[in-house]
Each structure stands twice: as C-alpha cells, then as structure tokens.
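Contents: one structure, followed by commentary.
Chain IDs A, B, C, D and E follow the sequence of writing; residue 1 opens each chain.
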Amino acid sequence: METRAQIRTRFAIRVWTAFVLLLVYLPILCGALAGLTKGRYFVFPVKVFSGEWWEKTLSSLEIQTLVHNSLLIAVIVTLVSVLFAFFGALAFARYEWKGRKLYQKIILLPIFFPQPVLGLALLLWFNALGINPSWMTAVIAHLVWIVPVVTLVIAIQVYGFDPTLEEAARDLGASRWFILREVTLPILWPGIWSGALFAFLLSWGNFPLSLYTAGVDSTIPKWLYSKMVAGYTPMVPALGTMSTLSAAALLLGGGLIGMLLRRRRAEA
Amino acid sequence: MTLAVTSSAIAAEPLASAVPQAKPVLQLVGVRKVFGEFAAVDGVNVDFKEGEFVSIVGPSGSGKTTLLRMLAGMEGPSEGYITLRGNLINDVPADKRPTCLVFQSLALFPHKTVGENIEFPLKVRKMPPAERKARALELMRMVRLPESYYGKNVMRCSGGEKQRVALARAFAYDPDVLFFDEPLSALDYKLKKALEKELKDLHRVSGKTFVYITHSLEEAMVMSDRVGVMSRGKLVQIGTPEEIYTKPANRFVAEFFGEVNSFEVRRGADGWKAADGKALVVSGLPEGVSDAATVIVRPETMRFVPTGAAVDNAIQGTIYNEYSLGSRMQYQVHAGERIYLVEAPRGGAVSAGDAVTIGWDAADAIVVGD
Amino acid sequence: MAVAIEHQSQTVDTSPKGIQVSPGLRASGPVVVLLGLGFLAPLLTVAAYAFATPKSFDAFRSFTLANFAVIFDPANTVWTSFAWSIAYAVATVVLLAIIAYPIAYGLHRLFGKWAGFVSVLFVFPLFVSENVRLYGWVLFFIKNGVLDGALKALGFSGGPELLYTPGAILFGMLYVYLPFMLFPMTLGIAMVPKDLIDAARDLGAGRFMIWREVELPLAMPGILIGMLLTFVLGAGAIAESKILGGQSVITIAQDIEVAFTYAQNWPLGSALALILVVIVSGLALTVLSKLDLDRILGRR
Amino acid sequence: AGREKELNILCWEGYNSAQVLDPFRSSKGATVKAESLTNDPTMINRLRAGETRIWDLINVNNPWARKVMAPAGLIKPLPKAEFEPYFDTMLPQFKSPYRWAMSDDGKDLLGMAQRFGPYSFVVNTDKVSRATAEEQGWALFADPALAGKYGILESDDWNVFGIFMVAGINPFKEHTDAEMKLFSETAEKVFKGAKMVGDIASLNQALVSGEIDLHLTGGTYSVSPARADGYLNLRAVTPLKGPIDGKGGISWIEITSTVNNPDLSPLATEFLKYVQQPEVAHTVAFAEGTFNPVSQMGNKKCFDLFTKDELEAIQWDSLEEEMARSAEYDIVPDYEKALDLMTAAKRLRG
Amino acid sequence: MTLAVTSSAIAAEPLASAVPQAKPVLQLVGVRKVFGEFAAVDGVNVDFKEGEFVSIVGPSGSGKTTLLRMLAGMEGPSEGYITLRGNLINDVPADKRPTCLVFQSLALFPHKTVGENIEFPLKVRKMPPAERKARALELMRMVRLPESYYGKNVMRCSGGEKQRVALARAFAYDPDVLFFDEPLSALDYKLKKALEKELKDLHRVSGKTFVYITHSLEEAMVMSDRVGVMSRGKLVQIGTPEEIYTKPANRFVAEFFGEVNSFEVRRGADGWKAADGKALVVSGLPEGVSDAATVIVRPETMRFVPTGAAVDNAIQGTIYNEYSLGSRMQYQVHAGERIYLVEAPRGGAVSAGDAVTIGWDAADAIVVGD
C-alpha cells in the first residue's frame, strides 16, 4: 500500500540518508587526501601526492605494537562486556526483582562520570592495590565505563522480548543454558551485535581511560592524540584511512562469508 | 462422581481433608492466585487422576488460563498446594515437571521455522537431527500441516496453522501430563473434528493425563472423562459430561451450557409452585435443596406439544421468532410476560406467528439450589 | 495424609530449598560486582579529593568544603562552562534525534535488503579516532582546505568562515555522537510490530498520529537510551571544542582537565567532576523517571 | 628485581621514536617502552598517582624536576660523578653545575639536559615581518589591527607567561593586585581577539592555510616541522626586549631524570648516557614530529651531523641571540591565581 | 442468489465486465495475492452489497485473513482490482478507507490501557477526552467488560478479554464497512451468543456492511445474509446460508459444513445408482450435473427408520458407536464396508450394538458435481 505521500517520504528519507552518509565520509575523505600528500600540511587542491606516509605507517614497528595493544584490549573488552551486559540487560529490562529500580540507576552512574577523572582515580587505586598498570588494567577501566553502555544498548531489545517464549521453552524441558542458546540469544541477537559493536568501538577509540590506566602499553588513540598535539605528520590521517579500510574489509568480508555460509546451509 | 467443591481456601491441615480413592496425578488444595487485589484463581480444590481427560470450561476471565499456568509451573500459587503424584510442587519450575502446556498465546519461537519449532523439545533431549526431522514430519502429518511447511517461517503461517504448530510442538515433547489452552479455537469445523479425534486417540493410546480448556461445549462433552466448570476463579462443578449436563450444581452451570428456560419455584403444601403461582410437576425431590429453588428446562427438552397430547407441564404461547442453528431450529415462544426457548429439528410444522403449546416432562426438569 | 505428603515432599529435591536468589539479582551479579570493584573505589577517591584541602594531594586526610566554596563563589564564572556543556548536550540530543530518526526509520522499514549494508556504512568510519575524524573536518573547512580550495578552483571567492566558532563545536558534536543516537534508535524502531502500525492506520490514524501514539512509545527504549548516551557524551565533550571550535567555548570537561593538569588542583577538579555527575544524573534521571520505560511499555 | 632487560620512559614527543630507541633496544637486547605525553603536568600526575613503580625515566621541562618532582620525591638523583662530565661537552650555557639539572641546594644532580629552545610566538613573515615582530614584540597581540588574525597555542602554563609578557609584566615574580588586574584585562583582550586556540598541528595548518598570521606561544619546537616542510616564511620570534629584566622572550630546556622507582632499571642511566652520543643526540634533535636544537651541538662531532636544511628548520642562524634574549622558563609564584584569571578570561570567548 | 464464481483473473477491461445491478460497496475482480511462489488468494471475484452481512468460512490457510487484509488496505493485491463504491482502491491505504478490520492477531496496543485502546480511533478524530471516555465505557458495556477494566493494562487481560477490547476498538471507529477476523473465537458460549446478538443488532441498526470470518458454522448461518466459502485461495461458493446448506456447489462445500454421508453415483437407464449398484432415489435431476455425481446425505437428515415404515432409501446396519453432542447424539452405523453417520435427538431408543435400518428421503438428498 503506497500513497503518493508515502513515495515522497520514502524518497526524502533516501536522500536524507545519502546526505548524512556523505557527511559521515567527508572528513574521512579529507583525511585520506591528507595522508596521500607529500607535505605535512594540507593545501587543496593537492599539488604533489606521495605514498611516503602510508609506507612509514605500514613499516612502523611502533604502530604495529599500538595496533596490537588496542586490538587486544578492545577484543577482550568486547567479549567480557557483552557477556556481562547481556545478563545485566536481562536484569535491567526483563526480570522483575526487588533491587531493579535502584540497579537501573546505579548502572548509569559510571557513564555520567567524566572519563579522565575516572581513569585517574582508577590509576590511584591500582597503584594503592599494588597492581601495575598495563593493558590489563586498561581492560578493567574500559569495562567500568563500557559495560553500562552496552547494558543499555542490549536492554533496548530486551524490552521487546516476549517472556512467554522463555516460559514455553522451559516448559518443553529446556535447561536454562539451552533456552539461552536457542531462544533468548537468537531473538536478542541484533541487540547483542549492536552492543558488541559499541563495546569494540568505544574501547578501540578510547583515549581518556587508556591515558591513565594502560601503563606502558600505549594504544592507537594515545599515539594519535600526542601526534596531533605535538609532532603531527600525515601518518595520523593515513592511519585513519587504513582503519576505515580495514574495518570495511573485515566487516564486508565477514558479512560476505556469513552470507555464503547461510546460502550453502540453505541449499543443503 | 461429582466432587463437592468447597471454594474457600483451606487454611489448616490442608491435605487431610481431601483423600482421594485412586491416586491422583495432580492434586490442588486451596489454590489461589492473586494479581494485585484481584484473585484470578480463588481457592480451587481438585484432583486429576492418572490417565484422565479433563476439560475445563468457564466464562472469559474466569481463571482457566491462570489455573493451567500454575499447573504447568509458569506461575506459583499465591496460596494453597499443588502436588504431583503426592509431592508438593508449588516451587518446582516448569522444566522440572513432567507436564507441558499448549499456550493460549501459542508462544511459538518467531526466529524458527515450523520444523524447528516442533523439533525444539527433541533437540532439548538431543535426538539426532535425522530422527528429529522424521518425528517432526510425522507430527505435522498428524496436525494436517503439509510437509512443505517444514522449512516455512512460522510467523508467515495463518492463525490456524500456527495453532497446529503449537500443538505439534507439545506432542513432540510428549510428557506425562498435557495441558491445552483452547488449542483448536482457530480451526475450521472439519479440521477441529479431525484433530479432536487425533487428540482422543493419542489420549487413549498413551494413557497420559490431559487437561483441556475449551469454549466449545461440544468438544468438552465429546472428548472428556470429566468436565470442570469455572466461574470467577472458583471451580464450581466438576463431573462427567452427563452429570454436568443433567445435574448442574447450580443455575450458573446449567445456563453456561446454553440458553435455558428457568423458573423460580417454591415448594408449597401442594408441591412445587412457580413464582406466578402455577403448579409445576418436577420429578422427585432433590436432596440438599431448600424450599426455594430454580427449575431449569433446556430448550431441547422443551417441546411442542401436539394438541391433546399429555405432558407434565404445559404452557400456551405464540411463536415469536425462529432461528436456524444449522441442522436444527430454535424458536422463541412468547407466553405471558416471558419468552421461552424451544429447540426442534429443522422442517417442523410450526413457524413464526403460530399459536402453540409447549411443555416438558417432569423427568426432564432440573432443579438447582439458587 | 497431610503428614505423608509433607514427608514425601522432603524427599523430593526438585523443590529448590535454601536461599532463593531471584533471577534478576543473579543476572545483575556480574555487572554489580564489576561496578562495585571498579567504580565504587574511584568514586570514593574522587569524593575524598573533592573534600580535600585545595591544591593539595591530601585526600582522606583532610576535610573541607573549600573547593565547593570556590566553585559556588558568585565571582567564579565556571558556571558558564557548565551552562555551555549542558546546552550543547541538550542541543545535540534534540538535533540528533531529528537527524537520526528518519535514517533509523529507513533502515528498518524502507531500505529492505540494503539496510544491513547502509547501517554498516555508518560503522566503518567509527574505527577512526574521533580526534582524527574531527581533524578531517578542519581540513575540509579551513582556508585553502577542501571546501575553500575547491570553490576557489571553481572560480568562487572561497568558502564560508565556519571553523573556530561555537557553531562548529555543535556541528562536531552532532557528527561524533550520531552513531550513539542512530544505532539505539534503530534497535528501538525495530521493536514496533508492523501489525500495530497497520491497525492504527486502519483505525484512521494519519502518519503523525501513528507516530505519536504507536511508533514513538514502542520505540521509546531505543530512543531514550540513544538520547541518554548522547546527552552524557555531549555533556562531557571536549575534543570538538578543542579541534573544530578553536576553544571558542570552554566546556566543563576542559575546566576539569585544566584543574587536574595545568593547575595541579586535584581537589578542585574532583569537586567539579562530582558536580557534573550530580547535574547530569539529576537531569537524566528526572527525565527518565518522567518517561519511565517500564510504564511506557506496560511492564508495570 | 629482574628489570635488567626493560626500560620504561615517560617523555615528550621524540624520545619514543624508533630512530632513537631501536639501536638501544638491539644493543641491549632490551624491551624499551616509551610513552610520549603532551604536557608536563599530566606526566607528573601519572607519577603522583603511583606510577613511579613503572617508569624509569621522565622527561619534562626545566623547573619541574628541581621545584616539583624532587621535593615530592618523585625522582631520584643521578650519580654525579658519572654524569657531570657530559655537561662539559655541551653548548656553553649548559656548563656544570647547570642550574636546572641540580637540586635547589645544589647538592644533587637531578637530570640531564638535551633539547631546548626559545618559545615566545610564531609569525608568518609574509604578513608580519620578522623585524616588525621582533621590534613590536608582545604588543602585537594587543594590536586591534591584528584581532581575529592570530591564534593561541593551547598550553595554559605557557600562555600565563605570554599574557604577562603582553601586559608588560615579568611573570616570574610575585605580583601586585594592580598587576594581576592588568593581567586579567590583558588576558580577556588577547583571548577575545584570538581567532582560535589550538594544538601545534592545528596552528601550523592554520598558518600554512592563511587562517591566521601569527600565534601566541610557540617557538622552534612548534614551528620547525613547518619550516622543515619548506614554509620558511613561518618563523619563531623572540622580541628584542621585554619585561623580564629586559629580556623579551622565554625559553625551555628539557631535563630527563630517573624516576624514584623502587625497582629502577639499570638501563635508565645507560639510556641517559646513550643519548649523549653525538649521533643519537642528532637523532633526538630530528626525531619524527618536532625538530629542536640539542645541548650536544656544543660538540662539533654532533654539530657536523646537522645538514643546512636542518639548521634552517631550527633557526640556527639566530638561535644564540634568541636564547640570549630569552629568560628561562620558571615557576610563576602566583601561577594558580593567574591561571584562574586566564581561564575566566577564556570563558568570555564563548 | 448463488454467484457463479470464475477463478481466472480478468486481464483487460476489468471493470466494465462486471456491472452489478445493486450498487455494491466493495467489489473484487480477479484478486490474487502471491507470497513468493504461493498464491494465498487466487482469483477472487465477489461483490459485497451495501448493508450486507457476509460471513466467510473456509479451512485453515485458505486465504481468508489475506483476503480481509487486502480489503482493509493492509496489503495490496498482486493482481486484480478492488473497488469501493465504484472507485478503484487497490492503492488506497488503510486510513483512507471507510473500513476497519478486527485482526485475528488482535493487534492491541500493548502500551495502552483497555480504555486507551478503545479510545484510540476517537482520539484520532479528536473527540474530547470526557466524551471519549463515556463512549469507551459504553462500548465496554456492550462487549461485557466490567467498567473497572477501563484503566487495566491490556496485556494483563485474559484471551477473551483481549478479543473483546479489539472488538470494542473497531466499534469505536465506527466505519461504513467492518471486517471481522474470527472475532469471537476465544469467547465462551454464552458470551459468544450475547455478542453475536450485539453484532447482529448493531448491523441491523447501523445499516453498515459487515464481512465476517468465522469457523463457527452456526455463527455463519445465524448471522449472515450470505456465506462465502473459501478453499485454497478461491471463493468456491457464496450464497444465503440456506443455499449453501441445501445446495452446496460441490462436495467440498457440502462436507465443510459437517461430516456427511456421501455416495458416488452414476445415472443409469433406471435412475441413479450407487457405485455398489444399488438403486438410489433422489429428487429431480439437478441442472449442470453430469451423469457421474455425488449424492450427499447429512447425518441429521439420515434417520432411523422404524421397522415397516416407508422411506425412499434404506440401509441395514448395526450401531457401532455413539457420541453425545450435547443436546443430540451422533451414531456411527456400520453397513457393508462403510460407516454411516446418523444424528438424532438425545434419549432415542437405540444404542450401540443394535441392528437398525437407516434411511433418507429423496428430497433430503443433495446432488453435487464432483
């Protein structure tokens, strides 16, 4: 059922989405250009192009270490926070229990907190407890801030979850774990996926918490920040372009493989 | 056997008062379920015997679904005791009970296909996929779903198709006790008949206990060993279909099984008298009924009395209206201030506007206490 | 018989005995423990600093209200930083809701098989640090940058002067926080059953009515959580002002940063941070309680 | 124990580069981690929060070691005998006992000096000639004609000095209320007139693009990358005269100290010696990012490693006279008060 | 009037070909709806006349819901034309049609109370709150919901309560044409009766057009002006209840209205003969029926023939089984290879095991074409 008004709305929404997407990519494109110019400073139209900064970035051992640290932290944070937040979201939006109202409030507090202050305060505690700051302490710091965010994101979908489905599964003899795997997880999957994405991105891009809690294990955002403030080179935007491209390759590649697998399974 | 049902919650010594002869599989003692202020189920005492087929009927909102949810372990009773083969199971969760409920809301898994929904309980118990599929297809045949639906998205099925998937899923689980909450309500007459038969066969062959909510009185009558009638959270009567039909515990039960003709009566020196003073002939004096009572005559026992024929009770009137009920007709007969209902086969000699005599035999009158 | 049953019921261990932990409490366990260990301690530390002697490092060893006195001194203009940050946060929330809603709606209802691809297009750039993305905008807007340079190359007199203004800061915030509105909102809108929209339309409701009465309330968890996240992030924003705004506005996050760094006045920074938390949580929780999700969604 | 093979350095940009660290890593077979931060106080925060147990070396600007870290017990003295001789090969002004390397009482050697430079402001000489800039000095930033054409580097400690200088007040002394009032008014005016406040990358880009013609706070450290890129029209300027006993500019000297780490790596002192070597010192001067003179240029072996372009990038031609016209960065006695006033002034921008 | 239904889609000049005598409110021409490969509705042509009450019946999955969804504007037809009072409305959205559908799935707004659900269409047309509430309470009375439910969370209502809220909401909207998709399926007998009456009254008083899907044949028969029968996406017959019952278009329709006795017959020189060669007496020769046909005898026209009584067709057999249908009994009579069904009032003289003669009159036989 489509009226003319609906067709117009549909068109307007398409155009709007395309426009916003264009804006989303505009600075990325500017960065890509900057990363390919010869000089450090950017003038448009670009006079001389050069692959120098890409080469330097790719061959830099330091950046390899930074990528490694950032990935390690982000992957662990993603896994742990999705696990915690999944149950956290059930407690937030699914179950009715005594402490729920209070819980719904405390869980918000860490995200209300300015991150640099949280990072510094955590650093004070790690040291008071005799824990040497390292990527592991950064993981904990990230979790304190990211788990509540991911909990909220997953909770959105939990609000739409029909509890009678779990009841029915239970009634059919399924164990808690089986229900989780076969009913709850697949139905909440979009929320979990979004939550995981949030977790990864928030950790991967985090500067203020890592600044204080990663100890000697520096991360990409810390490096980028110091480069921006003192010692800027076009390696900064070059690294940005590479990140976008790798993410695109990974996500699209993953999506493609997923699609092929699904198709094959459907055929089988 | 009609169980005398007391509707007050039993406070002390709850279990001693109801010692059943044959060991019941499920026993409810003083079971109440309260939502906020409101008691959805209000002091139910009943035994379900092993292998029995019990139907539960009652008006919308009378607590049938709530009762079944408690039996299945979806909800704990606010008060009272539920025992399974003698063990208290108030707090035993659904997956630890050998029972299964076909939900009124169906509760199908929206992300699974028809086949996957049906196979769910089989997957739970780790049946190999090939075997699972074979069983699912078998069950689909049983509920008359075409084989091609095996891979169909369950949310794309029609209302009746969904209902059959829910049924098949419960059969796949195959527990000792099955609860059905209006399982055939969305099916057409023929399919309903066919599945009623399947259900009945399954019940007979398996020896399982079935508790079955329905709004179809025919279903309740045809299929059950006993029928329970609920009203406002209370189980007001439970007994064989015959008992419920012919010896309703009260006016509510009598009327619930269809529109009836009823007369407030008082026993005077010269026998039962209607409110308007007319003497009535009723068979025997039922026990436990006070001097004030109600006499019920069902439309199908009320009949047109050919002129001059003998009948225990007769009323003169005019046919005011007639309806087709399919194979039968219903007539509204105007007499005095009142309208009486008479049901008769199609093709009778009477029609609207005719002056007729209607009446009933003493043996067909039902006397109830309120 | 009563005795018999009670006796039997003890022999069945299907009935869970002992302390009954509600599923909600159990599910909240990991998060509560994490926050108990990882957040309570820093919170206490910051609180202790907030009440410590100004410019000292004597947390837990001194107690004074001096830091708050300084902040609430009428001569102190730090309130303007609070005001700016809250105003930016509010503007960000409102504008992003308007910007993201059509896209979220499109992702769920219009784009069909392209929806996945379109939403992933919004994701790729997020792998780049926000500083770098913001700097990309500097390269776009700056004199002889992409916009100005391109316009000049096309014979125009050059681009408009947008950089280093309060408006540029808002623009940057909209840019950086868009995903935090868009994705929760998309999840929320996906929760509205199509059936209900059909039913509302069938009952004569127009677009707006359907939106207000059905889609909006049912998508509320997603929208509210998107708003909450963008509000909190907006209130703590700093990079947008530093990179795009040329610090044409000082946000409260920057004041806190200065207190901890250049001023080496941790007690003042802690007091500011605590006040920010109180303001942000006060505002957010007031709004949230007015729009109680549980109530909106008929859970209670 | 067991830290023979690891070294952790908290430093300004440069020491964390591969060019500097890799040869040390391979020669010692050690794991060296270096983190570069972009302001002194944040580094001090890390140590204060307890990271003294992590770091072995800390590299900050001159007064912090002597006046803050040593009194707070965050760093520990170097073996004097081993390190004092290095000062003798440095540029003349670093001759031992070098004030900023010593404790207040002059007894302990607190760190080694290496990079340094003048740090007043930067101009685009195409727009404001070097001569005009040196002549007019800080008054440029009070010139209504230049309002909206200058930027300010985001470096609040340093900006406090700058504002004092614009106001014609010596920053490194106690100030009267009247001076503070003048400071405050000047700050308001200077910040109000600024087109932007930003980091080095932004300001250099803005200078190159033509968004601004000059910026307050900055020197060889900040402008050298742009000069190295060929923008020789951009230049750090030290005014000819000014309020600090006649001196017109301010300079900085980095001091690298050993952290008061209970388990200090033996490589800490090794590294300090390593960077004194002429080749390494040159590398430090021209590590990626920013380019700076180093004290080791006093040693001819080191100096000869600098190419003409490199010397041009760090304005070697005028370095000596500019340093001579500069007072050394020091602690401002009423710094907190001035910072508060300046922060308030910044808020009036919005 | 039984409409001859052609099931092929009409390609060219679609609207000119079917000019109705009485102006129909809704007209469907060659309407098809395809899901993937599958045609859920497959070439339906039908007119609904102004003020008519039409019931649609048909097996589960036959396309009833899909048909109604297209009429209400929830779904566009894949092929064919839908006109409203002569205007093509294929692409007119639901809110622009003077129609309203009571969903099979109810589609209640879960975030609204019972009252708010019912008031929704009133809010749409900006009725003041006080008036709205008064109207909602009135409608709640009509569907027998207690006033106290006004503020109740609709998701906390029982199945039947929800169904009534959905009904009340549609009544509140009060459009010219109302579509009902099994609106009373979750209600008990009494309530169903009461609401059927309300519906019927509403229909009569308002003069609106009702299209009503039901699985209750009784409902279809009692309430409708015409009954349409769907099968596999096609409307196989539409006519008055009487026509459908007494002159089913084919065996499918005949059997759909209940279990029947059927005989494959061929017309020989000496009249109709059953497959087993036995001569059969059937009344008249129906038109349009070839020499091979099926004779249908409903269980309620099949009867026990007292010894010696005359009947057109008689069969000897033994009672094999008997079921109670409430007020009536159904008997399975074994004769030869087959089982025949006989329905008779309760309290007849026969019972299982008895040898009986069953038979039917020529006038009661129904002859259909396949």
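FYI, a contact is a pair of C-beta atoms (placed from the backbone, for glycine too) under 8 Å apart; a residue touches a chain by one contact, two chains touch by 3 or more.
None of these values were measured; they are calculated from a predicted model.
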(message) Hopping along touching chains only, can you work out the least number of steps from chain B to chain D?
(response) 2
(message) Count the C-beta contact pairs for C-D and for A-C, then tell me which is higher.
(response) A-C
(request) Measure off the straight-line distance from the CA centroid of chain C to the CA centroid of chain E, and report it in whole Å. (result) 55
(request) Take the average of all CA coordinates in chain A, do the same for chain D, and state the distance between these two points in whole angstrom. (result) 37
(message) Can you compute the centre-to-centre distance for chain D and chain E, using the mean CA position of each chain? Integer Å is fine.
(response) 91
(request) Provide the list of chain E residues touching at least two other chains, using ranges where the numbers run on. (result) 73-74, 93-94, 105
(request) Would you please write down the residue numbers of chain D that are in contact with two or more other chains? (result) 42, 45, 154, 199, 201, 205, 208-209
(message) Quick check: what residues of chain C touch more than one other chain, meaning two or more?
(response) 135, 139, 142, 144-145, 243, 260, 297
(request) Under the touch definition given earlier, write down the residues of chain E that touch chain C in their complex. (result) 72-74, 93-95, 99-101, 103, 105, 107, 109-112, 120-121, 123-125, 153-155, 169-170, 173, 175
(request) Name, in rising order, each residue of chain C that touches chain E in their complex. (result) 193, 195-196, 198-206, 209, 213-214, 217-218, 296-298
(request) Please name which positions on chain C make contact with chain D in the complex. (result) 55, 57, 76-78, 80-81, 84, 135, 138-139, 142-145, 163-164, 166, 242-243, 246-250, 255, 258, 260-265
(request) Would you tell me which residues of chain A are touching chain C in their complex? (result) 5, 9-10, 12-14, 16-17, 20-21, 23-31, 33-34, 42-45, 83-85, 87-88, 90-100, 103, 105-118, 120-122, 124-125, 140-141, 143-144, 147-149, 151-153, 155-157, 159-160, 190-191, 194, 197-198, 201, 204-205, 207, 220-221, 224-225, 228, 236-237, 239-241, 243-244, 246-248, 251-252, 255
(request) Flag every residue of chain A that touches chain D in the complex, lowest number first. (result) 39-43, 60-62, 120, 123-124, 126-128, 132-133, 211-212, 215-218, 222, 225-233, 236
